[in-house]
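Several structures are given next for inspection.
Paired with subunit B in one complex and with subunit C in the other, subunit A is shared by the two complexes that follow.
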Partner chain A sequence: MTVSPLGRDIDRVDGRAKVTGAARYSADYPASDPTSKMAHAYLVTSTIARGSISAMDTAAAQNAPGVIGVYSPFNKLGLRPMPGIGENYAPLEDTQVRFRGQIIAMVVAESSRQARDAAGLITTTYDEQQPRTSLADEPRVPAAGPPGQPPPSATVLAPGVDSIEAALAASDVVVEATFHQPMQHAVAMEPHAVLAEWNSDRTQLTLYSGAQLPHLGAMAAAGRLGVPPTAVRLISPYVGGGFGSRVMPWYDAALAAAAARQLNRPVRLVLAREQVFTVVGHRSAIDQTIKLGASRDGVLNAVSHVTDASMPFVGYRHMQPAVDTSAVLYKTPNLSIDQRHVMLDVPPTCAMRAPTEAPGSFALETAMDELAIATGIDPVELRLRNYATAVPGTGLRWSSKHLDECYRVGARRFGWSARRAEPRSRVDGHWLVGMGMATAIYPGSRRPEPIQARVQLFDDDTAVVSSATADTGTGALTMLAITGAHELGIPLRRVTPELGDTALPPGAPSVASAGTSTTVPAVESAANAAIAELVTVAITSPRSPWHGANREDLTYEKGKLHGKGRSMSFGRLLTTVGRRNVEATVTAQPGPEATQYRYHSFGAHFCEVRVNRYTGEPRVTRFTTVVDIGRVVNAQATRSQIVGGVIFGIGHALLEDNPLELDTGRLAASNMADYMVPVNADIPDLDVHWLDRPDPVINNLGARGVGELGTVGSAAAVGNAIYNATGIRVRNLPITLDKLL
Partner chain B sequence: MRAYTFTQPRSVREALAHADAGAAFLAGGTTLVDLMKLDVMAPTRVVDINRLPLRGIKLDRDGLHIGALERMSDVAADRNVRRDYPMIAQALELSASAQLRNMASIGGNLLQRTRCGYFRDVTTGCNKREPGSGCPAMTGFNRTHAILGTSDACVATHPSDLAVALVALGTDVHLATAQGTRTVPLDTFYALPGSTPHVENVLRPGELVTGITVPRSMWAPHSVYLKIRDRQSYEFALASAAVAVEWRGRTINQARIAVGGVGTTPWRLPVVERALAGQLATADTFEAAVRTAADGARPLAHNAFKSALLRRTLVRAFTVLAQSR
Partner chain C sequence: MNPNDDAGHGPPGVSRRGVLGGGAAVAVAVPLLATGAEATPVADPASADLVTVKVKVNGKPVSVQVDPRVTLLDTLREGLELTGTKKGCDRGQCGACTVHVDGRRVLSCLTLAATVNEREITTIEGLARGDRLHPMQQAFIERDGLQCGFCTPGQIMSAVGMVHEGHANSDDEIRERMSGNICRCSCYPFIVEAIRDAQKVMR
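This part shows the complex of A and B:
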């Protein structure tokens, strides 16, 4: 009897490979041809933020031991920018300096140390200009994104209301608050790295490089190198953390590949940790102003959310923090969002851990806490009074929404009723104790674009499930195996999952927490198609016991075909008819249901903090998160995803910060000691719970996304708890002890 | 990292003979190797002293003797240290990470370089790294920088937790050169930056730290090291306090106090010590005693909070110590 692994606690199928070091990450690959000697590249980055390079002395580097090539704007590699993909310029193609830490040269040598040492011998002379760095002072422009992204501003007004200002003015209670958060970085453990190898006539390129979208990585490299997309294969089975920083391809792969093509040798390029902070994108610095207008009993009449996010002149991430927060979370007759960019000479931005929703929810959910205080209503009750059953300004309903249950279950698990609304009312020894809560909301829809999955059934009763999504450490590989085992009704150990290779059918982008909800229906369809193929073999193969039977005579269940009084496993049937395997590749895409509903995952966070009475440091001591995410595929990975998300939220609230020097455009932190994320000692046991509420619309399994949900709202829950502990409202992240003294 | 000559002497004499002008001694390597990778330090010769017999954690009538090559984690785990000098064990355990403590030596700890981001970034100026090249921390990002003992040339904090505890306890440092040995009080070992921030201590060229002696005292067994920072591990102090008290009932007979994270060197507070001496251990006593603790502070744009934080850290340390008496 095979029990489906779906929804159970399943160890990662690649866990052993990871903890034993057998798993190969990008920089671990040797040259595939042992006779072709690998060369090593090292980057040189700019030390000014704006201007141009007037001269570069590379003579010493060129003559340094082991050096094979030095590339710069004066010895170009001929890369082309790809409009609409990542940064809007190609490095080394001109002398312009667009931000501090921009790639301005690359040294290739026999060893990585020789390349690094030679890079240190290059001297650069600049014509320097004053960089534009101030989020507060530079001009604002609409935060218009690429086609398909929602408009940057939108207003919904009730009949007879002239403006959002009029709606606010007519409200009994108005809360207005302005929030600031600094630049933040993904700081994935694995630094960005690539090995680029061409075939002997230099027509086919293989890249080994961590990617959240393997096919996009290959396509971007091809475009930048001026070769057809079919000429590039990208292999990325293990990714040492994405968090958005491996969505858009940076120029490392194209640079290494261009040098490899010129030198006719495999080239490996590994970014130094400090280079990851500028060559790879970060999350914009963001200022936000929220205005809430409500009745005395806390019913919202108006919500206004204005955001100003830094946008680098080099591109690329469009920050719209209000779209999936203030525009959808609460019922309000009057709503206005206005999202703007401030163009700056800073390194590129990118998606990062609930890119817009985490900052947006910090502002909105902090403002809601302020409204709870202004109206004297319990924060949970306030949210229930403003519960939305349809997206504001539309009649559109959600596919499935049980957020109210999250609030109630979470409040009970956490012991919310013990909270005292009055700040500073609980003291335990040297510590002020406070409780806070906030809502989590994150898009839960399937990706709109078509993706593929392939299922192969083999004569040894095993199956291979393939779809070139990425596993950034989330457990996507295990999800593929679980889904395959569930759909085929066979034990998990007989399923081999494959992903992270553009030679496989293109899979779901590992973005927007949509990997699972998008992949699951594709695997289901592929499994059904492979079973149909198996039935065809059964009724058409002369040696099959079912030769000549009708399709309807056969049923498939738990790895076996049944019919006409006999049963046979698929492996046995394939062996009997002399076939190694059957397979099916399908393309899956959401249908009209995609636009008939809105899809979000929801949750409620409850947090207890302690703030030292003497020295002010805030410490999170308890945290409960209850989520509504549809069907769970892997309980263990789901818990890990939510725990990880909440930890990001705690870091967002208390630690993460990379100050930008306004006069130089230099970032203060360039390593993982100075750029602080939480350590284990900062994190208590996190209580995570999910509702058993499969989504009836999104896919047959009912699985929505979970990954980034825990990050949304958790920072506000921490900040709200700090207010409850201290009576101090900090709207300028991170909430460090100096702001609580 | 630049090419260098590597030697592994077996005796102190041999090591000192190798200590030429461009040489650096290598013990745990947690500072030196890090800074060599960043090109902040570029010795032409690295003298690996790990084979030298500078070991041992011994307690005798004079006090606690620790060899310069003892690892931080071993000293922190030593039974005598934990019993008679608790603040030393606490300062060590609150430093760095377990991995670093397993490697880093006591001698090296006393000589570790500042964590100032400009010192570590060779694309910026830094008077400590390159005399005369300026101090961008003055106008740059300086939340973690010093408020006491600073000069117009340098505002970098001294990074060591251990040194703060040792200074409070009146520790001696034992030094050796090819010409002979000498002993220097740790309190006078460190140099204020003044106009020469690259000179951080009184070490002579080629001089080697061979060990330390922490004297016995009535106050060392009643001591605490309190370290305040944004996260609970793997971060340098925003402020720290090493406080040792000799009690007479509920009265403080005498106290020894040093603070970290706020000064360019481990910072003694004799005025606060005097204010506590002979006083009853009450909240009022503590508040009164710390009133002048940050006098003379020269705050910068982002670190002005450290004056208040320093006072509160002291009051908290006094309170912790009084409650555990």
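This part shows the complex of A and C:
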């Protein structure tokens, strides 16, 4: 009897490789041909934020030991920018400096240390201009995204209401608050790295480089190098963290590949940690103003959410923090969102876990806490009074929504009823104790684009499930295996999953928490198609016991074909007819249901903090998160994703900050001591729980996404708890001890 | 590190000057490091200033010629092709490069290879006994104390070292003493659980 692994606690199928050091990350690959000696590259980055390079002295570097190539705007590699993909310029192709920390030269040498040493010998002379760096002062432009994205501003007004201001003015209670969130960095543990290898006639390129979208990485490198997309294969089975930083391909791969083509040698380029902070994108700094108008009993009459996010002149990530927060979360007759960009001379931006929802929810959910205080209504009760059953301004309903249950279950598990509404009312020795809560919401839809999956059945009763999505730690590889085993009805150990290689069928982007919800239906279809192919073999192969039978005579169940009084495993059948395998590759895409509903995952966070009365030190001491995410494919990985997401939010709340020096455009933090992320001692045990509520629409399994949900609202829950503990409202992240004294 | 292990105080025959005199004649049991090795023309005499380091790595005696400025981390990864040990920051802030030197956990990015002469190095590749995983490795899998896996070798080496130090007596102590190992996927609660489990088996 084979029990489906679906929904159980399944250990990662790549766990053994990861705990033994056998798993190879991008910088771990040797040259595939041992006789071709690998060369090592090192980058030089700009020390001004705006201007141009007037001269560069590379003579000492060129003469340094082991150096075989020095590339710069004065010895170009000929890269081309790819419009719409990442940054809007190609490094080393002109002398313009667009931000501090921009790539301005690359040294290639026999060893990594020789390359690094020689890079330090290069001197650069600049014509410097004053950089534009002030989020507060530079001009605003609409935060319009690419075509297909929601508009940056929208207003919904009740009949007879002239403006959102009028709606606010007519409200009994108005809360207005302005929030600031600094630039934040993904800080994936693996610094970005690539090994680029060409074949002997330099027509085919293989890149070993961590990517959340392997096919996009290969396509971008091909375009930047001026070769056909079919000429590039990207291999990325292990990715040392993504969090958005490996969505858009940066220029490391194209630079290494261009040098490898010129030098006719494999080239490895590994970014130094400080370079990751500027060569790789960050999340924009964001100012947000929220205005809530409500009746005395807390029923919302008006919601206004205005955002100003830094946007680098080099591109690329448009920020719309209100779209999936204020525009959808609460029922309100009057709603206005206005999302703007402020163009600055700063390094590129990119997605970062819950890219816009995390900052948007910090602002909205903190403002809701302020409204709870202004109206004297319990924060959970306030949210229930404003519960939305349809998206405001539209008649659209959700595919599945059980957020109210998240609030109630979470409150009970956490012990919310013990909370005292009055700030500073619980003291334990040196510690002020407070409780806060907030809502989590994150888009739950499948990716709109078509993706592929392949299922192969082999004559030894094993199966291979392939789809070139990425496993950045999400557990995608294990998800592929579980889904394959579930659909084929065979034990997990007989399924080999494959991903992270553009030689495989293109899979779901590992973005937007949509990897699982998008991949699962593709694997399901591919499994069914492979079974259909197996039936075809059974009825058409002369040596098959079912030769000449009708398709309808056969049924497939748990790895076996049954029919006409006999049964045979697929492996046995394939052996009998002398075939090694059957396979099917399918393309899957959402149908009309994609636009008939809105898809979100939901959750409720409850947090207890202790703030030291004398030092102001805030400590998170308890945290409960209850989520509504549809069907769970792997309980263990789901728990890890929720916990990881919440801890990310705790980092935003208490630690993460990269101040921009306004005069120079320099980011103050460029290492992992200055840019602080949570460590083990910062984190208590977390209580996480999910409702067992499969989504009836999104796919047959009913699985939505979970990877980013925990990061949405968790920072607000911490801040609200800190207010409850101290009576101090901090709207300027991170909430450091100096702000609590 | 013990200052007596500086290259100049190594065993007879492998002093710094001796190596210089011997040059390429020094026998090596493993591939040379890339720096200054093989036929690369060397313009700067300083980069030819190699020292020989004899160590046991994961139980096997090896002898390497290293630039005295090179770290143990780069020696392991690039010289000995032991890439299980990771470089996350190269400046002692993240813990991904944690290995054992004579059973103690050290940051290999802050340890010069020349200072580990006559020492025993254990890396993540040397922790299992054949196919049998170390209890800490097994516990990390079972508790899901990892996600992307990049920090995991360092986490596990640090955890094993901490248990041997005798300072894993409570969850708070584990959290405090594992705080030199950053996990951005944020598996911290599961790392604590894994250490709690493995510790019982290790006793």
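The rule is simple: the second predicted complex is superposed on the first by the 741 of 741 C-alpha atoms of A that agree within 3 Å, B and C clash if a C-alpha of one lies under 4 Å from a C-alpha of the other, contacts with A are read in each partner's own complex, and residues count from 1 in each chain.
One rule holds for everything that comes next: contacts are C-beta pairs under 8 Å (C-beta built on N, C-alpha and C of every residue); 3 or more make two chains touch, one makes a residue touch a chain.
Model, not experiment: these values are computed from the prediction.
Looking at the shared chain after the overlay, A:Ala673 reaches both subunit B and subunit C. In the superposed model, A:Trp416 lies in contact with neither subunit B nor subunit C.
In the superposed pair of complexes, A:Glu190 makes contact with subunit C only, with no contact to subunit B.
In the superposed model, A:Tyr597 makes contact with neither subunit B nor subunit C.
In the superposition on chain A, A:Tyr614 contacts subunit B only, with no contact to subunit C. In the superposition on chain A, A:Ala681 contacts both subunit B and subunit C. Applying the stated contact rule after C-alpha superposition, one finds that A:Leu741 touches subunit B and leaves subunit C untouched.
Contact with neither subunit B nor subunit C is seen for A:Phe99 once the two complexes are overlaid on the shared chain.
Of the two partner chains placed by superposition, subunit B and subunit C are both touched by A:Arg113.
With both complexes superposed, C is the one of subunit B and subunit C in contact with more subunit A residues. Where the contact sets of subunit A with subunit B and with subunit C meet, they give residues 113, 673, 678-682.
Listed in rising order, the residues of subunit B touching subunit A in the complex are 1-3, 39, 115, 117, 121, 123-124, 136, 139-141, 143, 228-235, 238-239, 305, 308-309, 312-313, 315-316, 319.
Remark: subunit A residues 47, 113, 116-117, 120, 430, 612, 614-617, 619, 654-655, 659, 661, 663-664, 666, 668-670, 673-674, 676, 678-682, 734, 736-738, 741 touch subunit B in the complex. Chain contact summary for the complex, subunit A toward subunit C: residues 11-12, 14-25, 27-28, 30, 40, 63-66, 110-114, 186-191, 238-243, 270, 272-273, 472-475, 636-637, 639-640, 643-644, 646-648, 671-673, 677-686.
Per the touch definition, subunit C reaches subunit A in the complex via residues 33-36, 40-44, 47, 67, 69-70, 74, 77-78, 81-91, 93-94, 96, 123-125, 127-128, 133, 137-138, 140-142, 144, 146-153, 156, 171, 174-176, 178-192.
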